[in-house]
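Several structures are given next for inspection.
Both complexes shown next keep chain A, but they swap its partner, so chain B is in the first and chain C is in the second.
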Partner chain A sequence: MTTTQRSWAKTRTTESGTTEPLLMVRDLEVEYRTKRAIVRAVDHVSFDVFPNEVLGLAGESGCGKSTIAHAVTRILKPPAYITGGKVMFNGIDLLAMDEDNLRGFRWEHLAIVFQSAMNALNPVMTIGNQIIDAIQAHMPVSKRDARTRALELLNTVGIDPRRIDSYPHQLSGGMRQRAVIAIALALNPELIIMDEPTTALDVVVQKQILYEVQQLKDQFGFSIIFITHDLSLLVEISDRIAIMYAGEIVEVAPSQELFRNPKHPYTQRLMNSFPSISGPKQVLAGIPGSPPDLSEPPTGCRFHPRCHVKIAGLCEEVHPALLEVAPNHSAACHLLDPEVAP
Partner chain B sequence: MTTVHQPETAPVTDYKTRATPVLEARSLTKHFFTGSALSRRVVKAVQNASFTLYKGRVTALVGESGSGKSTIVRMLARLYEPTSGEVIFDGRNTLEYTSRKSLMHYRSKVQMIFQDPFSSLNPVHKIKYTLERPLRLYGDEIGIRGRAAIQEQVLNLLRRVSLSPVEEIAGKYPHQLSGGQRQRVAMARALAVEPEVILADEPVSMLDVSIRMGILNLMAKLRDEQGIAFLYVTHDLASARYFADEILVMYAGYIVEGAASEDLIQNPKHPYTQLLLSAVPDPSRGLRTADVEIKGEIPSLGALGNGCPFAARCPHVMDICRKAMPPVTTLEGSRWTRCYLYE
Partner chain C sequence: MRFLVRRTGFYMVAALIAITLNFFIPRMMSGDPVTAMFARFQGRLEPRTMDALRETFGFVDAPIHEQYFTYLQNLLQGNFGTSITAFPAPVTEVIGNALVWTLRLAGTATIVSFVGGTLLGIFAAWKRGRFSDSVILPFLSFIGAFPYFFVAMLLLYILAFGLKWFPLSHAYDLSIRVDWGSPEFVMSVLQHAALPAFTIVITGMGGWMLGMRNNMIGVLGEDYIVMAQAKGLSDRRVMLTYAARNAILPSVTGFAMSLGFAIGGALLTEIVFSYPGIGFWLLSAVNGRDYPLMQGIFLMITLAVLLANFMADVIYVMLDPRAR
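Then we have the complex of A and B:
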């Protein structure tokens, strides 16, 4: 597939007012190269993140959503390689930046919060010292000033500042995840990537943390890329949502629009895979089959083997481009292309 | 075994209207003892859990991690010895079963499905072997003897869990199957011994979202067509509403409320159930409108006082709540709760 056949995920500003995106990702390609096969985990992915926006990235396991997070922050490790595309952050090309500059750039402008707070924190260091470390690595401040800032940060994320000298194992899962968020906030970054930040937590704690993240975002004005497989959660927290399938973005829309009016057959079926807690009880079918093996992705549209409305002879052959199907709403499906299905 | 392939023609039994108890837990309690002889700590994992599983019905056990759900499952499966209480099956307290033979009989009637289909199947054996094992061990019990009959039954089992082509699947190793297919194999293995009860401990939470419904729908079919009683353990209230006929809510070792699914979802009584429901993501509601002030987390099971474990977080807490655990209060219908608000 050549890039010209695909349109960029066209997006405009949400309520934030500016039209200039903070992060621009264009035709990003990531490959895992093993002896057995080359797996293109992310294939020509393009999207924007605007200031003070929450962009949700949804998809099933193995669809490439975490790989995008790792590629954008340049923390991919071999055998994963970025093989194409551009990642522009406020006009700066992140893929061209060398390691030294990246190290400074990362925590100051761009932070990442991982799924498992248990593994993200150093078990033999108090959480206070871990926050102080992050601050002192980037700013020439005294330990005392850094500690004052750490106390503030703990308070901000809802941890009793008296717990500053606690070790990670002395905190509950929810508190540890808050501590990780505090470290991410330490240098006031413009963008925080949250990769399944609450998946390991219980719903009540999840709600508490998401509510606080939302408040912090409004207070400090940063943007968030929020990655999860839980679409119900994503609709709640995001301004816009990008749906990924087998390494590609197949639909992008404002979250309520996506929830009420999904266009891509995959999104429609995915919406039909989540039981609801309110409203009438419905029979849900899920989606037959399983996500494809990316070392041998299906030809044409990658969703065609599981699609219930595919056009015989077309969807198996031709890859659909991501087209604007409604204002601010793009999808990659031949059925939505006026030239194919008028 | 010929009957299982024509479930469409089988009369739909009125499991829903006529409650036939199969397995009953009576005041099940499990305390774990940790620490040294001098500083012994007691972790009260499950306290006084009583409930009944009925033929052709799904009972969901919902709660946060560490609330004691899996401990209950393990006691019912006779993997943990309860500290006190009874498990009644066929009118007998199964905790009196001590001989290998009676335990084997019990386990053939009460099967388990685990959360992780990647570790619950032996990776060095083909699917065929995994399904032949229970048939060889329990062949006498279920009337399947001889090589040919066993092989035929393996294929039948794969058909029952909608895996096809059956011959091909039978010859595969677990790593050649997807997570959803593996969980179906785990289900086929459980079905092999013709159980009356299946204890399913978070059976879909490790699967991709698009295939979870397929597994839940398959279990619903087994419930409806074969009258299997399910205990569905989950932290996901929305899937419990979808799949279960009755929901039990657990908090810090206690079952605090039990009701028919819709009653519980539409009209939760216990303050903890109310909190849990308000925290479930609901796209039609939106996070920004969340007006719930939620504080605190589930308490440590090693440091529970005498009172209600939810008292510290409860918006309606009264003096008495901190002194003693509220008894079971029966409310309208067959629902009940443990809360002084309804005493």
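Then we have the complex of A and C:
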């Protein structure tokens, strides 16, 4: 086998029948430490991502979604620090990894797609070279082989390979996001974290890219953590959805289940804040109040100041745990706890 | 490419305007150099010689537009007239000799200052709050804040006059024969250039370092830097090809400009160290009312600045694909 014909596909050890999670996050804690305050942006967050699964992560701005993405990828910068918890990737402890091992691990196994593709691409490098340097950082291949691979990748994400020597500013917004996805695919990672990948794009391009991402996922068999504040988008693409509020996960369920049968009061009200295009006309409810200041989070359940069904005397005092309320469906609310509200 | 063609056109027009101003300004001043020269010779010069001299220096009694075209014609032939202070050497020869010394001293020092300052700035931003950022940067900024001549004279006084580590003036030991093949002469040139070059480097570096550091810090906050790190690239590559490569863009223009002005002679350096470059000759020309030489030097400075700007444009286009 010559080098140009080398296989870029990775053998997937976890794909065959086992249900071992690819990524296991347990009790993750991230704090922003400034002189004025310590803000715990992510508080005891646990979740799993299984092979070839799309996990959606939703919540209002500032609820800690992106912080989780950065923490798992270990690209948090001071003043943000991981202060507790475990992140296991295929049995490897990511938080214990030193810089050198981390450098090798990154992108090869775990890639990240940023919110704004314009800012995620180096403006003075061609997109081809930005794919090539990712490949060459991890594999001892010649520039020519890496370029062949880059051409292939551009084709895969629907960019005319002749654009390989284009600079980011010469591409449209949608093409730039595709280029970023091509870079993410370069080493065929097991997991791609997509942090609001389509937020900056118009609705039509959004749909196209989402559709293509799903195709690519099925073709290459990677997993995705898809982060967005747009629930309607999430329902379409995710297998499971985790809802975050004020640094905590308050509900996790398979998307259809969550959509049809939201349990947590916050999720319910979140669902009501989106118009449905095909359904009957309805008055959008919205959620009164605003997310809490995380330097001084509310006592008890963090949602209680905005909750319309809170149990007086309990929700202000006691923090609810994330409990399984239906098969594969967990929520953190006293109302759903059989011991509290039978 | 179209951009560069447009810029070239712009610089041609700018050069023509500069030449025109350069022609008219001295002619609008009262008196002429020959009268000044005549006065200096205190009557030992015959009026007939004066007329001849006038003609030599281009101050003929012809209509102004005719003079202007003669001037342009002369310029195109590389004829800048004859110097008065260095009589009878032609201006081009004086400038040519001086330019060599200036380029060697100010040119080299400006480049060293820019490269050194920029590299230090990159490290200061990359290792923010560490030694280069918290010690070297304030120190260089402090030195750079002094008036240049003060630093230069202080160093000259302490290192050359007091400690006698360096020669006091000139570009080489005048007792040695000018011969670029002899190591003795070359050593002498280096010895004489060291201190003036050092003063230019040390006073200029702080500015470059601060500028580069601040650009870098701005760039380091960009998503593409985080993404480059997430891609698993080496720190060196992220620092140079992703961060510094973008952060240097605003510095390039400043560098080209300062290179242009350096060709005009590090005026103060050459005066303090009596270094026979363009700046030194400009001062002598002013003192000696040597209009042809002044005119020639001014014209050369203007053209050098224009050329440097043009170079900045070209480099910018090479470095930033968005400018193409």
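Definition applied: the second predicted complex is superposed on the first by the 325 of 342 C-alpha atoms of A that agree within 3 Å, B and C clash if a C-alpha of one lies under 4 Å from a C-alpha of the other, contacts with A are read in each partner's own complex, and residues count from 1 in each chain.
Just so it is clear, contacts are C-beta pairs under 8 Å (C-beta built on N, C-alpha and C of every residue); 3 or more make two chains touch, one makes a residue touch a chain.
Everything quoted here is computed from the prediction, not taken from an experiment.
A.B. asks: Should the superposition on chain A be reported as showing a clash between chain B and chain C, or a fit?
C.D. replies: When both complexes are placed onto chain A, chain B and chain C end up side by side without any clash.
A.B. asks: Taking the superposition on A as described, I'd like to know which of chain B and chain C A:Ser273 touches: first, second, both or neither.
C.D. replies: It touches chain B, and chain C stays clear.
A.B. asks: Should A:Pro338 be classified as contacting the first partner (chain B), the second (chain C), both, or neither?
C.D. replies: After superposition on chain A, A:Pro338 lies in contact with neither partner.
A.B. asks: Between chain B and chain C, whom does A:Val235 touch in the aligned arrangement: first, second, both, or neither?
C.D. replies: Once the two structures are laid over each other on A, A:Val235 reaches chain B alone.
A.B. asks: Determine, under the contact definition given at the top, whether A:Gly91 touches first (chain B), second (chain C), both, or neither.
C.D. replies: neither
A.B. asks: If you tally the residues of chain A touched by each partner, is the higher count for chain B or for chain C?
C.D. replies: On the superposition, B touches more of the residues of chain A.
A.B. asks: Looking at A:Pro288 after the superposition, I want to know if it touches chain B, chain C, both of them or none. Which is it: first, second, both, neither?
C.D. replies: After superposing on A, A:Pro288 lies in contact with chain B but is clear of chain C.
A.B. asks: According to the stated criteria, A:Val204 is in contact with first (chain B), second (chain C), both, or neither; which is it?
C.D. replies: first
A.B. asks: Could you say whether A:Gln214 touches chain B, chain C, both of them, or neither, answering first, second, both or neither?
C.D. replies: A:Gln214 sits against chain B, while chain C stays out of touch.
A.B. asks: State whether A:Gly174 touches chain B only (first), chain C only (second), both chains, or neither.
C.D. replies: first
A.B. asks: Working from the superposed arrangement, determine the closest approach of chain B to chain C, counting only CA atoms, in whole Å.
C.D. replies: Minimum C-alpha separation, chain B to chain C: 10 Å.
A.B. asks: Given the complex with chain A, which residues does chain B contribute to the contact?
C.D. replies: Going by the criterion above, the answer is residues 64-65, 178-181, 208-214, 217, 235, 237-239, 241-243, 262, 265, 275-288, 290, 292, 294, 297-298.
A.B. asks: So in the complex, which bits of chain A are touching chain B?
C.D. replies: 60-61, 172, 174-175, 202-208, 210-211, 214, 229-233, 235-237, 255, 259, 269-270, 272-279, 281, 283-288, 290-291
A.B. asks: Residues of chain A touching chain C in their complex?
C.D. replies: Of all residues in chain A, those touching chain C are 73, 75, 77, 102-108, 111-112, 114-116, 119-126, 133-134, 137-138, 167, 169-170, 180, 183.
A.B. asks: Mind pulling up the chain C residues that touch chain A in the complex?
C.D. replies: 222-224, 226-234, 237, 241-242, 245-246, 319-322
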